[in-house]
């Protein structure tokens, strides 16, 4: 099955692919207002990732405001990582509004399949047609109806093993799927883009996966297609991760260096700050 | 109108202004217990900023405890950044208690004017007479009844353009207004203190504005006046920001260096740690 | 009374004590899934501490999921730092489930004694027999029925002064008590282990105490006894703190360096990353 799938691979994105360079420049110019409804562990890191890359993050999370803010925002992220009863209602409202207003949005179905409540909510959220679903292998397998073998938020399956499920999920739902792992894959159910690179240390800093979902959202109003948005964000993450690991002394300085790299990548020839 | 306003400028605070040096020394001696009810994106950074500067942060956020803790605390911060239905009730209780017990408090009306729910709550909070209102130009304009052109949490207007609104707001409410921007202004509706300095990179790390509000709160029980407290906190932030940017390799190391600078400023002649 | 107590001291743990080295190696091998219900200030830092040390953190915090996840997890942490009405219900459910399923769990009773609501909840939580209670001197004194002189979350009493209360608490409840301070003490009401070291700068970064509780939880399914788990985590923290302070330029880089040290300690002879 895997070789059958691999026939659909049409491209590869690594920095400095001209499309990624161009999309990043546009992101920095537009600074898309990116509405994040995300989990309590990664709010700070997610905001800092978006700011570093050049987007404008905003977390608006109450029922009274969420629909109004989806209307103002350029893009939306919904991440169910630490979902609560109240959050679920807010997320459903946000997703319904995004569909109504054609606001592009990303669904990050953290640990879907492992716990019934969030699995039900994710099922409902998907009906509002996310522009992109971003997940690891276990999550994408779970969404595709396969057993994902999830262990908390971390996948125990390789991304390649989940690629057929990702392709099929994209095909059936009309949603672009961004599958994260040793190699990232982005697919719309027709073509598949591969994004190699990155580093295992990215799994040792909380929020690298979740903030990738946020950056994909930020790229959606910037690039021509959702495949391109997800590919650009993934390629930037892979490159920033590789650069950061070279100078890291451990996971703490890696996280800091990752933000440093995101905030300076593509500006190599000019000194922007000072 | 601006030149008319500028006549009220009576001073400028930059590190090492003797008053700021003195106030910081007292802050470190007293370590004021600073009760923060703030947004979910910046709780960690805010606590670390307060600890770095020498204050003692505490986040107590439930209805059952909030009034009791306002009574124990030396100062209070209320920041509506990620306000929820439940938060609103807690914030109103905290503000009412602070007024009753004469606990000095800071209101940070994040994105007021942009969203109806928080605008209503902020209106109610203001009736409990915050000691200081800290905001960016868009927020201060919105509070003054002008259109603030807010884009999420970031202002799109210069602080100078909002100075007349800040002055008027202070005059009418009897609250000190701390207006943040390229130049910070602090006014009680009679005099205006300017605080130049800082660096644009401060807008690329989430929570620098929000934690300034917290540090102003921490200074309130320490300094003689609210103008002095807001000026001292703003001058420290400007200096720490300038120092940090010199050694930053991007936004990640800038955020880390900013805390380093806050935790060591004024201790140049002695090695405090080790 | 203190000298009477000191007779029970049976050992001391400092890195590289063979037991600590062995326990850390096993932690990294097992990567225990550590369910954290903790306060909003430290979720990110706690997750990063667990990842750095080699555990697998997961924050699942809603009533609909909490019992199911306690069943999946290897260990549980409950920290009441920013407890809300809803959190309280979730925590009680988690604790009850942990007792039922024999999931080892740590209770961190932040600021117990200072505020009535959390004090009542902590009393109820203790009835579900936490494997370990971790607290500072004020908190342990308060649990023992002594006035703890708490000031927010920070203790104003030395850990040695609270050692008799810790010993007695352990003796009466059958719970291991991990008492944090200049010197850490771990006791089961029979023996006492001392863990010297660490550095005062650890009190200037938010979450060092709270994440110690999480790391103790992570060690529980790994080590033979709860005393050994609490001792290993405390010894690692002390060593990582001492190493990090040597290269810190202030509290910001200290926090980063602390994670770096935790993620590399015990790997000195081999280059693990890259």
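Quick notes on this one:
Labels A, B and C are assigned to the chains in the order they are written; within every chain, residues are numbered from 1.
In this text, a contact is a pair of C-beta atoms (placed from the backbone, for glycine too) under 8 Å apart; a residue touches a chain by one contact, two chains touch by 3 or more.
Everything numeric here is computed off the predicted structure, so don't read it as measured data.
In a homomeric contact, the two copies may use the same or different surfaces; for chain B and chain C, under half of the interface residue numbers are shared, pointing to different surfaces.
With rounding to the nearest 5, the Cα superposition of chain A on chain B corresponds to a rotation angle of 120 degrees.
Separation between the centroids of chain B and chain C, computed from CA atoms only, is 33 Å.
Chain contacts: chain B has residues 40, 44, 255-256 touching two or more partner chains. Residues of chain A touching chain B in their complex: 33, 40, 43-44, 47-48, 51-52, 56-65, 68-69, 72-73, 86, 255-264, 273-274. Within the complex formed with chain B, the chain C residues making contact are 39-42, 44-45, 81-85, 87, 111, 114-118, 151-154, 199-201, 203-207, 245-246, 248-253, 255-256.
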